[in-house]
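What follows is chain A paired twice: with chain B in the first complex and chain C in the second.
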Partner chain A sequence: MSGKSLKEKKEEKVYPRPVSGEKRVYMSGNEVVAWAALACGAEFLCGYPITPQNEIMHFWSRLAPRYGRKFLQTEDELSAGFAALGGIMAGARCFSATAGPGTVLFQEPLAMAEMMRLPLVLVVQQRGGPSTATVVYSQQEVFLTSFGGNGEGLRVVYAPGSHQEMYDYTIKAFTTAWQYRFPTLVLGDGYQAQMKEALTIYDPPARGLEAAPAFPLVGAAGLPGVDREPAHWRNTFSVEEELFDALQPLIIDYYSAVPFLTEKETGFLEGAALVVVAHGIVGRAARAAVGELREKGFPVGFFRPLTLRPFPDEDLRKITAAGPRLLVVESAWGQLNKLVRMALGGTGAGRAEIYTYLRPGLGITAAEIVQEAENIFRGYAEQEAGEGNNV
Partner chain B sequence: MALEKRIALGGEGGQGVQSAADILAQAAFEEGREVLYIPNFGIEQRGGVSLAFVQIGEKPIGSPKFKQADLIVALSVRSLERLEPYTGAESTILYDSSLLAPPEVADAVVGRQVYNTHAPEAFAERQLTDQKQAIPEITTGVKHMLGLPAGEIAQNQLHPRVSNIVILGALARLTEAVQLNSLEKALLKRLASKLERDPALKPLNLKALRLGWETLHQQVSV
Partner chain C sequence: MNDANVYAVKTLTKKEYFAPGHRSCLGCGEALAVRLVHKALGRNVITASATGCMEIVSSPFPLTSWEIPWIHVAFENAAAVAGGIEAALKVLQRKGKISDKKVSVVAMAGDGGTVDIGLQALSGAMERGHKFLYVCYDNEAYMNTGVQRSSATPFGAHTTTSPAGTVVPGQVTWKKNMPEIAVAHKIPYVATATPSYPLDLVNKIKKGIAADGPAYVHILSVCPTGWGIASEETIKFGRLAVQTGFFPLYEVENGKYKITVDFEELMPLEQYLLPQRRFRHLAEDTLGYIRGRVAEQWEELQKRSAE
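The block that comes next holds the complex of A and B.
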């Protein structure tokens, strides 16, 4: 052992930038995550393998040494999360990736990150659940990633829907995490992890995307209490009032950041009588379906939350205020639907009529959504005809 | 009309379905088309059915799976059965007419599965037998059934392990979405690490690709 810190060792050798210029590539979603993390200066991946995200670790551990980055495989996801938190406290940009039952185990380090404001980045590639279920696909980890810990869900959850977004939002996750200092998750799924498609990779600083600086939280120079304030990072409190007081700034900081964090994509809202709401990979099918329905003359719009936590509540309320019904489409039994209802609850817009198309663990195609929307419109027509007869 | 092809491929694990699908998609990407390839298989380490879905088009592609395929490729009976839901009146099925028998699993004896299924590498090296499995009746009725003895071509002229590349050549031409030279480029890229270890595989694979590209085309145009 040389006794040198990771940073000192790194300074000895100049490594190339992982991505130079802009490059059109065809690769899998897991490979995209590894390249994005390399490109935006992630230093250390602590992880434990689980399908369907294994290739993130495969690619990272293969590529990392070329760029002076590190990899540690721990004995389980709890260790992976806490090792990453330790690295973050030492000032390194650490991250991890997991799925399914691994996301469950990750809740403890995530909750600690919320309490101590540690900028942990976690990529989740959802598989089928509950329990071991399938290694393939679902959208059943929406609540787990958003609210899974023992706490208030003080996290940011991005839901990309294409490889381009997977690249963009993995980079963004590191910026958000270090800027706002809340754990930040990128919620993909097994389809996005395994499928291959084209995207443009780039060097983030070349596009003006400079990550917030990483810095050590412990071990600063000087004598604590004399030369500087002692660093006191707590996740344990004696009495209720002490915890309550400690939580206030966390909650205030989180909710003041909400307007700067929420993101969404919308389309065809003009005159829409029905708005299809979907996230992640299902958003692609929804977008295609809405385009097709508009061509057929159906007044249908499109709403896709890009942040599931915080959810773009205000944006959705503005849309429902105009009176359209909603059709929530997801590969889960109503997890997105719960977020939608939470967003609309307590307002006049909360009375919006919500239809659902729920397929836990199953992929959803544009054709199915078109069919479902047409059925809903047929239902209206029959209802209106029925009412007309009664008059 | 804009080009839009939906392709589903199926075979036993180790038959090279994923490489074939990936190379096809990569070739279409090289030609500047929109592509999406997604593998699909279960949790089996050995003896599972391996499916792949490829979409090639000119507009951005929506969901990674689809309801009905324009082209279906089957390298085993079991996989053709799994692909049946993707067939329709407009589908063309391309199958290996020197079909390999899928591995049998002795479910009655717990633990026997390991011994009764073939490791993927063993499967790829396997010699053909006279026992051909009957192709299941496709009840929906399809546009074309095209048989190509890819296994025989590979075994007699090249090596059994490149039968998937023979099929790939034939499939690629059917898509009308890629040129042979971009297919060759994609193949060399995809197999780069293997070819580096064993340079003899390069002419073998390129010949297989060309044989597939030409043989089926000659048969079909007759």
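The block that comes next holds the complex of A and C.
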């Protein structure tokens, strides 16, 4: 890049808006992410190759020059994350995308962004752990994205379940990140990344979706301490008491935003004796399964957290207060289940009986969930105190 | 020299340590290099591998192509793992817990796992002076994940993250000179090689593993899939890379440079570049720039090896 700032360069040439009006398209999830980021004015992608999110970079690096955007490929994910943070501090709307082992390396930039209130947007397409060759699909990065890193998990994690949601929530991630100034993640998976699906893309400002303006955090005019208050962008504390003090306003800010951040989808809750809880792409199978079970006459409901962090605790507690059992379905060994238990813990509703259907790394079909739910009902009928497969 | 190479390679062991049946692409130059390297290394070797094409193609669960002890851990750490193995062998032998048979320790990685994400671990291992051989199989991009640029990708090359178009002419940075970085660590042996010159490659591996300290061998591994050439032309393009001076073959023994495959006159660069799909878009000005830098690099190398 030359000495000119991104802003000056942009003023030299007027680029077309990436998306105008509404358009019905057929795209892979990765392409959707690239278009969503372009549409909502992301200026700069810092990335590193990792399957299954590679095509986000492929599409971005092809499309970016047409719309005056930038692409930087770094030498690893640590650098990608910190380059994005540097870009944000310089006043550009930066984002990144990663998966699997890359998400592990991203924890340091994420923890840093949390403490410095830097609005880093990160798209994660989950794959099987721990490292290489398992590149297809999993839901094993729930805890890593929600609570990873040496911090307090002051992040927002969206879990979209369809390509339309992938588009909507990638855009939303930018508005949320720049409004609340906490790192915001979009948690997809390899299946969503690679499969193609029809969706409607639109110009976000036309729907009133515009992220707060990006501005430089460093290099403000005047001598710090004399002409203005020092910006003090630092994370180094001499003693832990200082860390404690610095953290307090962050925690207050985060938890006071929680009621505005949490999102969920529910269905068929009325009279439900069993509520299927699932997130992301598994949520679609759960929704279909619940529809099918209701047709068969089983009193089954459906709960899908759209934000995994902050988790819609209140909503779930309200549901369990009516007394249904829960069936947690996920492609991991109990990561969503732990979030559910954390949400319910300590209250009377926390004693709700929770069944699980855990398939780390495997896709889950509606038929499997129907089968599992039917087994639960059968077991319950046969045995008053049905024990199920509680974990 | 070339002919001698072809015949002398028949003197190599018939034993395969990198067994056939692996899943590499047709005409994979890297698989060929791995096979030759391990023929040179023999049986008493432990290899630590970074993530990359060779790890994926050689060890699809639960199978393996490896007939020697081979470990894969993650992407950024081949040199660190090899360093750990070397240190452990040393201490176990010193304490008399294992036989004091000489076991060679080798780290292998692609260009991404060496010059990008693995550079820190490699530099650390070279600095600590582990007695091991590091082999970089350089196919000049992240071929395993779908041909993304690395810092070993040559200037002007089209990759999926350095697409050539009207705004950007492909890769915009010059290939990182990893052998020079290794030389700067003052290690006893550094060399470049390619399987198109098999005897040269085998000799360098043997020298590297015999060196008293860290050794680094950088092997240009032609990738028909990523480079856009016919799969039967792997050897030809490896030769062209050397004959045009694009990838000179040399070694640095205790700081002393020597061009191992020398030419009176280099072949025109276009013969190497333009038949490849990744370079077919190159305009005359870009070509001229590459020509200049390659000539400069060759002259510099000749000067150093004459010292």
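Keep this in mind: the second predicted complex is superposed on the first by the 380 of 391 C-alpha atoms of A that agree within 3 Å, B and C clash if a C-alpha of one lies under 4 Å from a C-alpha of the other, contacts with A are read in each partner's own complex, and residues count from 1 in each chain.
In this section, a contact is a pair of C-beta atoms (placed from the backbone, for glycine too) under 8 Å apart; a residue touches a chain by one contact, two chains touch by 3 or more.
Here the structure is a predicted model, which means the values were calculated and not measured.
Touch criterion met: A:D76 reaches chain C, while chain B stays clear of it. When both complexes are overlaid on chain A, the residue A:E270 reaches neither chain B nor chain C.
Contacts of A:H58 after superposition: chain C is touched, whereas chain B is not reached. By the touch criterion defined above, A:P49 lies against chain C but remains apart from chain B after alignment on the C-alpha atoms of chain A.
In the superposition on chain A, contact of A:P101 is made with chain C only, not with chain B.
By the document's definition of touching, of the two partners only chain B reaches A:I281; chain C does not. Only residues 51, 55-56, 59-61, 72-76, 112, 115-117, 119, 142, 145-146, 148-149, 151, 160-163, 165, 167-168 of chain C touch chain A when the two sit together in their complex. Of all residues in chain B, only 22, 25-26, 29, 34-40, 42-43, 61-67 touch chain A in the complex they form.
For chain A in complex with chain C, the residues that touch the partner chain are 47-51, 54-55, 57-58, 61-62, 65-66, 71, 73, 75-76, 101, 130-133. Chain A contributes residues 26, 134-136, 191, 194-198, 281-282, 284-285, 287-289, 363-368 to its touches with chain B in the complex.
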